[in-house]
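The structures come next, written out as structure tokens.
Both complexes shown next keep subunit A, but they swap its partner, so subunit B is in the first and subunit C is in the second.
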Partner chain A sequence: MGTLYEDIIDYGGEVFGEEHLETLRECVQCGKCTGGCPSGRNTALRTRRLMQMALVDMREEIFNAPELWFCSTCYTCYERCPKGVKVTDVIRTIRNLAAKEGHMSVPHRMIGVYVMKTGHAVPIGPDQMKLREAVGLESQPPTAQKHKDQLEQVQAIFKATGYDAMIDFDWATMNLKGMDKGGKK
Partner chain B sequence: MTEESKTYAYFLGCITPNRYPGIEAATKTILKEFGIETEEMMGASCCPAPGVFGSFDMHTWLPVAARNLAIAEEMDLEIVVTCNGCYGSLQEADHLLRANPKLKEKTNKILGEFGREFKGTTKVHHSLVVFHDVIGLDRLKEKITKPMDDVNVAVHYGCHFLKPREVRGHGSSDDTYILEDLAQVTGAKTPEYKDKLMCCGAGGGNRTADSVQSLEWMRQKLVSAIEADCDCMIHPCAFCHLQLDRGQEEMEKAFGIFFNFPILFFTQFIGLAMGLSVKELGLDEQVTTMPDKLLK
Partner chain C sequence: MAEEEEYDYTKIPPMDSIEGVAAGAPEDNPRIGIYVCHCGINIKMAVDVDEVMRYAASLPNVVVARHYIFMCSDPGQDLIRKDLAAGTINRVIVASCSPRMHEPTFRKTCSDSGLNPFYYEMANIREHCSWPHGDFISGATEKAKELVKSAVARCTLLEPLEEREVEVTPEVLVIGGGVTGMYAALDIANGGYKVHMVEKEPSIGGHVAQLSRFFPTLERATSLMTPRMIEVGAHPNINLMDYSEVEEIGGYIGNFDVKVKRKPRYIDSEKCKDCTPCIEACPVKDIPDEFNEGLSTRSAIYIPFPFAVPPAYTIDAEHCLLLKEGKCGDATLETIKDGKAVPPCMAACPGAIDFEQKEEIEELTVGTVIVATGYDLVDPRVSAEYKYAEYPNVITSLEFERLLAPSGPTGGKIELNGKEVKDIVFISCVGSRNKQVGNEYCSRVCCMYIAKQAYLAKEQLPDANITVTFQDIRAFGKGFEEFYGDVKLSGVSYMRGLPSEIYKKPGSDRVVIRAENTLLGEPYEREADIVVLGMGLEPNKGVESIINMLKLSKSVDGFLMEAHPKLRPVDTATDGIFIAGCCASPKDITDSIAQGKATASGSLLYLVQLKAKIEPAISQINEEVCIGCGTCAEVCPYGALELDEVIQVMTVNEAVCKGCGGCNSVCPSGAATMKHYRDRQVYAQVEALTERGMHIVELESVVEPVEAPAGAAPEPEEGASPEPEPVAE
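Coming up: the complex of A and B.
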């Protein structure tokens, strides 16, 4: 484990390219990100502060800040940053690192449960099948939820990357560990 | 390929087919009317949601998106989507994998375990662009039988259709025109309103993290559209639709006020202007209802 900045470059760099995330170093704390942030006008999210926390290695503070999860990834800051900092992708990478270290809420972990169970974050049920029939569509679309062999491919990806272990998923109950007996979300 | 024989692989995602099938029906019906066919992508999964899975683990997000792209490649078709989330994931994944051979190799190692491969031979299109540029405004105009002349439309872009510009390639994310053009082709007006470019508040796991806060964000957007004398809101994103439509019911519970401000996916709005019924477009099966003004 390096500094938070180094971890951002390492973990996110593999996907986005290191130069993309190294733009974080260019931050001059002008605050244009915070000024245009639709979340910041309602929540404690201060994007400028997140960038500074990342640069001065405030790992635990940033991972434990609830506002880290109030960014909707709208990219307004990313588009407007006068120094070209790829702000939204920096935030997404910090969230990845936080999640890897166990900072992930149960409702957020549940989204992974739905995808591992059905192939979809928002699966279909009997009521929605009727809605489909009412507009002249087949009752269930031929997606991963309908085809078990296809769903198994999606599940194989989650196993290969260790996402299942990251959220503490139990393949025996197809739920989060300890959540199978009607545990609250 | 001639315009008449154009066929797309329709990537449905989750919310379009599983919550608002009216969006799927409207889009398929109108595309067909203009000679454009859509084929189902057998076995497609969640895109997966870019702000959500991209936020939790991008190294899982990418191969799941790549698998969906590979399905369309096997069909030898380009993709059309009706959700900015799907567009965000699939288009960005395609962009990243094409640009980085090492990343592509790593991703294909995972897909290879079940005999699939990302090659980089498909292309991801948003239905908004297919309507605007492939069908085109002139042909759309010819089919308008119920003009929306006296209707003020609040256009809402959502986020991941336009942004980030350098990946999406649809020009400015401030000075917009595509959705305005498609509303105006029906005769409607598209007044500017204060929070026009603002996010619906749902993305990035924000709706899941704190739903009341996310609803307050949406409430401000709707108020600004209502204050600009708008009659309805149209948008290009199934996930925004869930927030803006279902969210109004949740807002009633949270804040005790029900706006009933009509929310329509853009193909549903064009469908009404082409004479399709509320029932055919699935607009009778959602929270917000359509005022007489839209149903002449």
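Coming up: the complex of A and C.
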């Protein structure tokens, strides 16, 4: 484990390329990312602050910062950064590092639960099914949610990659460990 | 008077004219043409130019009055030219802007049409009316009329003056042999004119010779500078006076008389073979080496650096035992003469050392003077919290530069007192942008030299933590911002927020800086083996004597003052004296060279013509009235007045006088007057302005209570109250 910056380059570099993420160093802290952030308008997300925390190696602070997960990955900051910092991809890499070390927000883990249970991050619910029937469609489209054998394949991948352990998934309750059915601890 | 609501400047046409009251006056009378300028809307928006024109036409001696949208434009000047060509007028008044802006323009319009340009007068109705009184239109218009009236009063009494010229000696004095002076000298010398370059140190090159590499290109400083230094040293048109100082400068443009003190080196450069035994023989070895910023020591006999120009050895009289204490070993000056005993250096030298050398004074006459005396670093102890001179880990940026330079004490290896370095912290803005220190200005070069030094440090020590603390990064020059980006990419960490203090880490050689990361609002500490203070620049201390000799002015920041900070950046208030480089303000090498070359161009302007125009509006002594008391000479800042011993009256050196008027105001007999500002011309102007009774009434009401002696009943004035009024009314 190196500095947070080094980990970002090492870990994220495999996906995005090292040069892509090295742009973080060119950050001049102008604040254009924060100023235009649609999430930050309503949440505590301060993108510039995340970039600075990453640069000064505030690993624990950034991994435990709830706002790390408030980014909707809309890429507005990424498009506008005057220094070409690949802001959103830096944030995604930091999230991956955080998740690897057991820091992952409950809502993000819950999305994992949906995928485990239905094969989809946004599964089709009873309302949508009724809607589909009303216009003469089958209640479910031909997806993993409908076909149990395919869902089992998804679950097999999750088991094989350890994703279930990462989000603390309980196969017995088909929910996060220590959570009731409503998703509350 | 027009009501403010009624004035609508859009209704005033772009031009109009009206005949003046003196239209039928005889030809040899003063016949004035008045031209009121709109300056687009700058004047017109607040001054009713039509009303001013009609008022002007009613004034004595005015033949024609016109107003026009832009008098300085060619069609505007054409109005004047046509009136002059038709013989209608023989005096010109333009009511427009400040004489500093357009007096030269309209004087030239007059002289081109055959009118003596000193028959031209200006009323400033922009800076003095429309701009300051834009919210008070009726008042601004009235004031403009007053100013026009006073201009008419003065214009009527103006006298023609002849512009004169002096011969110019086609030689230039360059004071300072740094990069600025070198480039100025080379341009003039390559242009075919003689340059005398005075450098107080034993070698030219200045601070630039001390640098490792240049930002933002990272080229090696010595490989770029050495050829230029050699070129200066060998140029047939450059008289290089190294190890010399200017003692005296007098005279004026075209003819400055200069005395240069040439300090003795005590070494015959012709015989010196540049071998080194003398250095080893010299018993004094602990003198801090100036070139290495005190990071190493040198002997009393030395060459400042290997690529010095001229490549000459010098015996430092301040430290040489023989010269300072009269005795080195058994040797004294006498024993050397007698041949009984010589100091170790002479014993080691094949005959070049000569303790009989004396200081010499060289006299020169030059046409122009270029001041390029450069800078000193601010004393790093001004910010005591950074513990310079207290902790050996804390060094200046120039010291660090010597650590990076291959010619430096470590051969370019970053180490301090022989120890390896892991962590380096740079602190920006030390001695600059700091009111406590007294330097409010930005030193302009620190951001980029720190970026360069940090980059070179990271390159040499890839595993080291290199931190730059800053408040703003000013990367304004060509290629600077790009370079700054590269430096950050290289892994140098930039931390916003200036460290507040430094303390020694207990039980360690390292120090710790305390600062705030102002981007997070969090305080932090960081350890370092070396803390580099990014020192600001201030004028070289040696410039003070030059300022006194040349009567130059300083700006509030302590740097030399230009004739105009934007439009005349290398001229001074005195013709023929130029300033360039860091003596005028902190600047990088690029800008210094540009200014050096600009002063060369300014000098060549006079040299190629062999003559210079001098101000005709200067002092004049009425010999019949002058009593030769010399009061004027005492106040004259230029030394332009002298007593003629034969006829016992004061005389004006017309080339030296700048027309400041000091003599005029102190002369007890009224003999000293200013051409173009004669007493009667100025009084007429004042009287025209004070004709309104209001001022006089105010004055009397102040004076009245004082003169009321008891019992003396003053004669009641008409309309005055017969009863005494309480004073405190």
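We take it that the second predicted complex is superposed on the first by the 175 of 185 C-alpha atoms of A that agree within 3 Å, B and C clash if a C-alpha of one lies under 4 Å from a C-alpha of the other, contacts with A are read in each partner's own complex, and residues count from 1 in each chain.
Criterion: a residue touches a chain if its C-beta (ideal position, glycine included) is under 8 Å from a C-beta of that chain, and two chains touch if they have at least 3 such contacts.
Quick caveat, the model's predicted, so the values are computed rather than measured.
S.K.: Label the relationship between subunit B and subunit C on subunit A in the superposed model as either fit or clash.
M.R.: fit
S.K.: With the two structures laid over each other on chain A, which partner does A:128 touch: subunit B (first), subunit C (second), both, or neither?
M.R.: first
S.K.: Residues of subunit A touched by subunit B versus by subunit C: which partner has the larger set?
M.R.: Tallying touched residues of subunit A, the top partner is B.
S.K.: Would you check which partner chain A:157 touches, where first means subunit B only, second means subunit C only, and both and neither mean what they say?
M.R.: first
S.K.: So, does A:174 touch the first partner subunit B, the second partner subunit C, both, or neither?
M.R.: Neither partner.
S.K.: After lining up the shared chain so the two structures overlap, which partner does A:25 touch, if you call subunit B first and subunit C second: first, second, both or neither?
M.R.: Second partner only.
S.K.: By the touch definition at the top of the document, which applies to A:83: first (subunit B), second (subunit C), both, or neither?
M.R.: In the superposition, A:83 touches subunit C alone.
S.K.: Touch test for A:165: subunit B only (first), subunit C only (second), both, or neither?
M.R.: neither
S.K.: In the superposed arrangement, which partner chain does A:49 touch: subunit B (first), subunit C (second), both, or neither?
M.R.: second
S.K.: Closest pair of CA atoms, one in subunit B and one in subunit C, after superposing: how far apart in Å?
M.R.: Between subunit B and subunit C, the shortest C-alpha distance works out to 22 Å.
S.K.: Under the contact rule defined above, give the subunit A residues that sit at the interface with subunit B and also at the interface with subunit C.
M.R.: Touching subunit B in the first complex and subunit C in the second, no residue of subunit A appears in both lists.
S.K.: Which stretch or stretches of subunit A touch subunit B in the complex?
M.R.: Counting only subunit A, the residues touching subunit B are 12, 14-17, 38-39, 42-43, 66, 69-76, 78-79, 88, 91-93, 95-96, 99-100, 104-105, 107-108, 111-112, 115, 119-124, 128, 131-132, 134-137, 141-144, 147, 149-154, 156-158, 160-161, 163, 166.
S.K.: Where on subunit B is subunit A touching in the complex?
M.R.: It comes out as residues 12, 14-15, 17-19, 21-22, 24-25, 40-46, 48-60, 62-64, 67, 96, 99-100, 103, 106, 110, 113-114, 116, 159-160, 163-165, 173, 195, 197-199, 201-206, 208-210, 213-214, 216-217, 220, 242, 279-282, 285.
S.K.: Once bound in the complex, which stretches of subunit C touch subunit A?
M.R.: 473, 485, 488-489, 491, 493, 495-496, 517, 519-520, 524
S.K.: Which bits of subunit A are touching subunit C when the two form their complex?
M.R.: 22, 25-26, 28-29, 48-49, 52-53, 55-56, 58, 83
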